[in-house]
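The chains carry the letters A, B, C and D, assigned in the order they are written, with residues numbered from 1 in each.
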Amino acid sequence: MRYYGMIATAIPQKIKTKSLAEQYGRVRAHSETICHHLETEDYVVQPVADVSPPKWHLGHTTWFWETFILQPHAADYRVFHDDFSFVFNSYYETVGRRVLRTDRGNLSRPTVTDVYRYRQYVDDAMRRFLADSEPTPELTALIELGLNHEQQHQELLISDIKYILGHNPLLPAIVMPLTEYAPEPATSAVSVREGIYAIGFREDETTENQFHFDNEEALHKVYLNEVTLAGNLITNAEYLQFMDAGGYHDFRLWLADGWAWVNATNAKAPLYWHKIDGQWHYYSFDGLVPVDPDAPVCHVCQFEADAFARWAGTRLPTEFEWETAAKSGQLSWGRRWEWTNSAYLPYPGFVTAAGAVGEYNGKFMSNQLVLRGGSIATPNSHSRATYRNFFQPDKQWQFTGIRVVK
Amino acid sequence: MRYYGMIATAIPQKIKTKSLAEQYGRVRAHSETICHHLETEDYVVQPVADVSPPKWHLGHTTWFWETFILQPHAADYRVFHDDFSFVFNSYYETVGRRVLRTDRGNLSRPTVTDVYRYRQYVDDAMRRFLADSEPTPELTALIELGLNHEQQHQELLISDIKYILGHNPLLPAIVMPLTEYAPEPATSAVSVREGIYAIGFREDETTENQFHFDNEEALHKVYLNEVTLAGNLITNAEYLQFMDAGGYHDFRLWLADGWAWVNATNAKAPLYWHKIDGQWHYYSFDGLVPVDPDAPVCHVCQFEADAFARWAGTRLPTEFEWETAAKSGQLSWGRRWEWTNSAYLPYPGFVTAAGAVGEYNGKFMSNQLVLRGGSIATPNSHSRATYRNFFQPDKQWQFTGIRVVK
Amino acid sequence: MRYYGMIATAIPQKIKTKSLAEQYGRVRAHSETICHHLETEDYVVQPVADVSPPKWHLGHTTWFWETFILQPHAADYRVFHDDFSFVFNSYYETVGRRVLRTDRGNLSRPTVTDVYRYRQYVDDAMRRFLADSEPTPELTALIELGLNHEQQHQELLISDIKYILGHNPLLPAIVMPLTEYAPEPATSAVSVREGIYAIGFREDETTENQFHFDNEEALHKVYLNEVTLAGNLITNAEYLQFMDAGGYHDFRLWLADGWAWVNATNAKAPLYWHKIDGQWHYYSFDGLVPVDPDAPVCHVCQFEADAFARWAGTRLPTEFEWETAAKSGQLSWGRRWEWTNSAYLPYPGFVTAAGAVGEYNGKFMSNQLVLRGGSIATPNSHSRATYRNFFQPDKQWQFTGIRVVK
Amino acid sequence: MRYYGMIATAIPQKIKTKSLAEQYGRVRAHSETICHHLETEDYVVQPVADVSPPKWHLGHTTWFWETFILQPHAADYRVFHDDFSFVFNSYYETVGRRVLRTDRGNLSRPTVTDVYRYRQYVDDAMRRFLADSEPTPELTALIELGLNHEQQHQELLISDIKYILGHNPLLPAIVMPLTEYAPEPATSAVSVREGIYAIGFREDETTENQFHFDNEEALHKVYLNEVTLAGNLITNAEYLQFMDAGGYHDFRLWLADGWAWVNATNAKAPLYWHKIDGQWHYYSFDGLVPVDPDAPVCHVCQFEADAFARWAGTRLPTEFEWETAAKSGQLSWGRRWEWTNSAYLPYPGFVTAAGAVGEYNGKFMSNQLVLRGGSIATPNSHSRATYRNFFQPDKQWQFTGIRVVK
C-alpha cells in the first residue's frame, strides 16, 4: 500500500537485477533531473543553515564517490581538484577539515558549470571502474551505500530548492517532477493487537532488495499495547480547525520547548502558508495556490504535530507502533514523512561501522525524533516499513505530515 | 540496597503514618537547614540561567503552598504580598505572567529576610489550615505533591549553591549536611534475563507510601533482551583513564551534538575539576580537594557519560533495563543520578492532569534524557526504582554519574 | 552659576586647604553614605552589564588605593586578600587578569561585610601612611587622582543603585541624599560670538583647585561661529510634546543607529517612565511619582536628545560651544549631564600617561559622545566648565538631559 | 597631485561639458565593466552583512534612477517589475519596506540576466527621457546625484567582489581594471602652519565641476595648530615592523574597543594577508602574491591604523588637517582611503535635504570615522580635497591605508 508520488524516481523494486553500472547511471541522472529547471543563481544560495545550496548537494554526493570509491579503489584515479574535498565534505570529521556548514552559501566558486564538470569527470571514472572490475561484496555494499546516500540528498535537494524559492519575495514557480498536493483516498484505520513484535530490518533470502541503513539493523522484540492508527493523514481542513480553535495561542497544547518555539518564531500556520485577503494560500512548486482542504497537511514540525494531536485528544504513534502497522500491509503511506513520538536512539545491539562511513547515522542520535514512511519527494527505495528518518522537532521544511492514534 | 547519603533528610519510609502537619513541618524545615550556613549574598546570585538564586527557591516553594492550597482552600487567607506571585512563579503559564527565568538573579528585592518572613507567614497559615480542617483525599494528594515539589527544590538548592560557590574565584567552603565524596563498596553486577517486564509505579495496598509522580504512572510491559548492569558506578580513576587516553580529543567517541558541546565549552574534565600543579582537584562543599580515585565520578553530562561508555566498549543502560535491575533488589544505587540512554518521553497511557499542577512533568518531554537512582543530595523519598528524573544531555551541575552495561 | 544639587557632597572649593588626610576621609565616607540605606542584597546584583553591583564599586575604589598607593609606596603594607585584585580590577590590563565585567553580578563573595572590612583595613593603612609621610608632589597628584576616581564611582553608585531598584518589580523607594527632580529657575539664553576661543583646562596660579583629568589638558584654540545656547534644559513638558507628536515613530528624526535602537528596544519614552492609567509616571528614589512637567527631562540617551533637537528644528551644541558658554559665567548648569554632538576624541596634544593610570581616559576614545556640565548626582568637584564626561549614544541610565542651540 | 589609479574610470574633469546623456551612458557602462569578468555565481553571494551581492548593487543603482527620476518625472513610465522596489531599496525608509540588508545574499531571483534586463529597460527609458526633455536645474542636480551615487556603488562593487573571491577557499583571480598594488614615489612631508582655515566645499564660478555631497557643504572656519603630514602612506614594510614588534599583542597600543576587536576577531595582520611557509602573502585580484614591502599597506581598519600610529609615536591626522594639507596642493593622495581620527559629524550649518534623497549622508553620523583622499578603486570624481568618506572603525574591506602626522 505504499504510495508512489514521485513518478520520475520510479526505480523499480527489482533494481538489483540491473547491473550496478546501470543503477549508478540512473541515480546520478536523477539528481540532475531534479535540478533541470533551476537558474544558475538558484544553485548558490543558503537562506538558513539547514538549507544547503543545490550545487553543494551535487558536489557533495560526487565527492562521496571520489573519496570512498575512486581514491581508495580505482587504480590511477586522480582527484578532480585538490580543494574540493575541503569544499564538499559535509560532516565526516575522519576525512579532514571542511567548510563550515553555515558558510556553504558564501561560496560562488566552484561554479555550477565546474560542479557539473566534476560530476562528469567522476561519472566517467566510475563507469570505467564499474566496467573494468568485478567489485567485491564489500565494495558492492559501499557502492549501494553511495547510491542510497545520493538518493537521500535528492530529497534534500527538493526540500532545499523549495525553501530557496519559497522564501524569495518573487515566489517563483518551477517544474519539479512530483505531485505535491493531492487528497488521499479514504483508508481504514489499522489496528495492532497487544503483544510482542519484531522491530528492525529482517534480511529475506527470497528478495534481492536487501539494502538498509545501519540504524535499521539489530532486529529485536518490543511489547506493544493494543493501538489503532488512523487510516489517513490529517488534512489541511482538519489542521485549519486546530488553527481556528486558537491552537497556536493555547500554551496548554504545547510542550515547553514547543511553546518557546511558537513564541520565538511567531508561528501561526505551517511553513509556506500565507494569508491573503482572509484566505490561506501555500507556496508550492507551482507558485502560490489556495490551500486545498482535502490534501494532507504538509510542512509541520513535530511540535505542531504533537500540539495538534493533544488538541484532538489523541497522540502521535511511536515508531514501533507505526512499523508494526506498516508491516501488517494495511497501512497506506508515502505521501508525508510522519512524525512519531519516538526519540531517535540506537536499537539494542546497534553497532557503529568502522571508519568514515560509520560516521553516518549513529552520531546524530541526540535530540532528534523519528519520522516514518516517506513523502512525495522520497525516492521509492527510501520508503520501507523499517526506514528511520530523523530530524529535530522544530524542523518544518521537509514534506512532513501528521498521523494520529485513534 | 538503596544508599542513604543525605543523613539530614532521613525522612523515614513510614512518614505516612505521621500527620500531614508533621510532614509539612519537617519538609519545610529541611529547606531552611540546607541554607543554614549561607551568607545573605549567596541567596541572591544566578551565575547561569539554570542556577536559580537560593532565595528564589525558598520563595517559589512557598508560593506553591500559597497559590495551590491556601488561596483556593483556606477561608479568609490573604496573600502575603500582591507582587510575589509575579516574582516567584516558575513556569506555570496557567497562573499568569512571571519574571523571566534568566532575570531571577537581577532581583535584590524581596530581601532574604522578606522571604523568610513570607515562609513564616505561609507556614503559620498552613499549620492553622491543617489543624482546622480534615483535608479531602484530593487535597491530601495535592499537599503530598507540594511536599514532593519542595523536596525536588531541595536537591536543586544544593546543586545551585554548589554552582554559585564553586564558580566564585574565592572557592569558599560551606557546611552542607551530606557526604559528598566517598568510595562505594564493591558490588556484584546485576543481570536481567530476556523477557517481558512491567515498568512503572505499581500501587501496593500493603504499604502506605504510595506517592509518585504522574510520569511514573501507567504500568506497562516492555520486552528486554538479556543484559548485565555493572554493580558499581564508574570511579574517578576509571574516568581519568578515559581522559588520559585522549577521550576529550577523539571525535569518534562523541555524538555530533556532544562533540559540538566539547568544542563550544572547551571541556576537558568533569565540572568542578581543576588541574593544579599537574594534579587534578575538585571543588566540593569542603573547598578544593584532590580527586579521590576511588569515589564515583560526579558532575558529568550525558555526552560525557555516553562518550566514556563508547570508549570503554560498552553503552549506558536504558531506563527500562535500569528499573528492572533495580526492582530485582540487587542493584545498589543512590549516590549519583545515573544517566540512561532513554529519552524522556511519556509512557503509553500517560495522561496530563488538569489545571496548573498538570503543567508539571509532561510538558518537558522534549530533548531531555532520563536519569535514574538519585544522588547523595536527593531526599530519600525521591529515590525509588520507578522515579524518572530528566535533564538535557549537556547538563553537568547535578550530582550525576555513570553506570555502564557490562 | 553652577547648581549644587547634591547637598551631601558639598565639598567646598577650598578643599585643597584641607589636608590630604581630611579630604581622603571625607571622600571615602561619602561613598558609604550613598549606600547607607541599601539592603545587603542591593549590593550584589548586576541587572545589565553597564550596571555594576554597589559592593563592586566599594571594593574597586578600595583596590585602587591598595594597588596604586599602598602597595608601591607604604612600607610593610600587606594586601588584605590575595584574590581581591582579581575580583576588583576593572579594566586595567596592565595590572593583570580580572573578573569579566559581565560576571560581577555572579559573585556572592566577598560579602558586603568583607568589603566593608576591606575598606576599613585600607582606610586605616591610608591614614597611617598619610600621617607618617610627606607625599611627594607626584604622589600627591596620584592621591588626588584616587580621590577623583572614587568620586566618579560615587555618581555611578547612584545611577547603578537607581537602575537596580528601578528595574525591580517592587519598585522600592530608598533614602538618597539628593534632590532628584525640581524645576529650574528661568534663565536667559547665552550667546557666543564668532571667533577664536581657548578650550581645555588652564592652570591658574591664583586658585588651589587645579585638579583635572588628562583628557581636559592641552589648552588649544578653536574657531566658533556665532551661536546661542538655550538658558534652560528641555523640560518634561517639552519632551512630552515631542512624544505626543509621534517622535518615537518618525524615522526621519533619528540617526540610522538611533532608529535601529528605537526598534531594537521598543523605546517609547525616557528610561524609568511608566504609563499608568493614561498618565506618565517615573521611578525616582522616592518610588513611582507622576512626571513633573516643569522639571528637566532626565535619563534620555543621545539618540533621543538628537531626535528631540531635530524635531524642534534645532540641534545639540558641540562641546566647544558649551565650554565657551560655560566659561562666560552666564550659563547655569549642573542638574543634568548635557549630551553634546561632539565625539569623545583627544584634544590636539593629548598625551597618555605612562603606566596603569594612563589606562584611564584615552583608551575609551571610540564611539562615545561628550557630555558636559554634571548632574544632581555629580560630586561638586566634578562639575567644571572643562570637564569631559563620555558615554555611548544609547546609554540612558545616567542623569542625562538636553540643552539645545536656539 | 591626485593620483589616478583607476584607468578605466578616467572620467575627465571637464565631464560637465559633456551632455548629461553622455555622462549617464559612461557611468552606467562602467558599473558593468567592473563586473565584466564575473561568473554568474559571483553576483549572488553575501559572505557578511557588509558585502552586498554584485547583482544587488547593479539592481539598486538602477532602482535609484527608476524611483527618483523616471517614476516622478518621465511621462508614461511603467515600472519594470512591481516587486523590485522591495528587493532593491537599500535603506530609504521613506520609500517603503525592503529586504533586510542581511538577507540580500539569500535571493537567487531576480537572476543576473533579469537584473541586466532591468538595467537595459531603465537605461532605454533614461535615454529617451534625457533626449526628450530639458531638465530643470533641480532635476539636473538630482541626476548628478544619481551619477555620483552609482559611482559610490562602483567602489563598493570592487571591494565587495574582492571580499567574495578573497574569502573563497579557491582564491580565484579575476580581471579588474585597476592597479592594485604599487609603490608610491617618495614625496615630501607637507606642513600646515598654525592659523584659521576654511573647511568644506567652496563653489567656484570658474569651473564647471561643482558636484559635491551635502556633507561637504557649509564652508566654515577651523583653527589648526601647526602640523606636518607624512608625504607618503605607511608601507607594508613599515607595517610589518609593527607586526614583528608584537603590535597585535600589546594592549597598550589599542583603544579599548580596538583591543576588544583584536580579541574577538583574533586579528594578526591586515585583511587578505596569509602566512604561507613563513612568508606573508596577500590576496589580490591577481590571486595570492607575496606582500610587496614597498607598496602602501591596504585593508587595515581604523583600530589598526590608530594602533600603528601610537606604536610609531605619532597619531593620525584629523580630517581638517588633512583637508588643509590637500588644499595646499602639495599632498599626493588617491591610492588608499586614509583613516583620520575625526568622527563623522555634521559641519556647523549642515542641513538635511527634504525627502528621500535627504536620507543620504546625515543619518549615518554616528559611530563612524572620516576617511579622506580616495583609493585605486575610487572613481576620479570622488577623490577631491573636501570629500568625506566614512566607515565604522572596525571595517577593513575598503582599500584603506595609513598616513601619519610627522
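To be clear about the criterion, contacts are C-beta pairs under 8 Å (C-beta built on N, C-alpha and C of every residue); 3 or more make two chains touch, one makes a residue touch a chain.
Predicted model only: the values in this text are computed from it and were never measured.
S.K.: Treat touching chains as neighbours: how many steps, at the fewest, connect subunit B to subunit D?
M.R.: Minimum step count, subunit B to subunit D: 2.
S.K.: Starting from the mean Cα coordinates of subunit A and subunit C, work out the distance between those two points in Å.
M.R.: Spacing between the chain centres: roughly 59 Å.
S.K.: How many angstrom lie between the centres of subunit C and subunit D, each centre taken as the mean Cα position?
M.R.: 38
S.K.: Distance-wise, how many Å sit between the C-alpha centres of subunit B and subunit C, to the nearest whole number?
M.R.: It comes to 46 Å between the two C-alpha centres.
S.K.: For subunit C, what residues touch not just one other chain but two or more?
M.R.: none
S.K.: What topology does the chain touch graph have (line, ring, star, complete, other)?
M.R.: ring
S.K.: Please list each pair of chains that are touching.
M.R.: A-B, A-D, B-C, C-D
S.K.: Over in the complex, which subunit A residues touch subunit B? Could you list them?
M.R.: Contact set of subunit A toward subunit B: 91, 93-94, 196, 220-223, 225, 251-252, 254-259, 303, 315, 318, 341-343, 345-346, 348-349, 359, 363-367, 393.
S.K.: Across the complex, what residues on subunit A touch subunit D?
M.R.: Going through subunit A, the ones touching subunit D are 39-47, 55, 83, 86-87, 99, 103, 105-112, 164-165, 167-170, 172.
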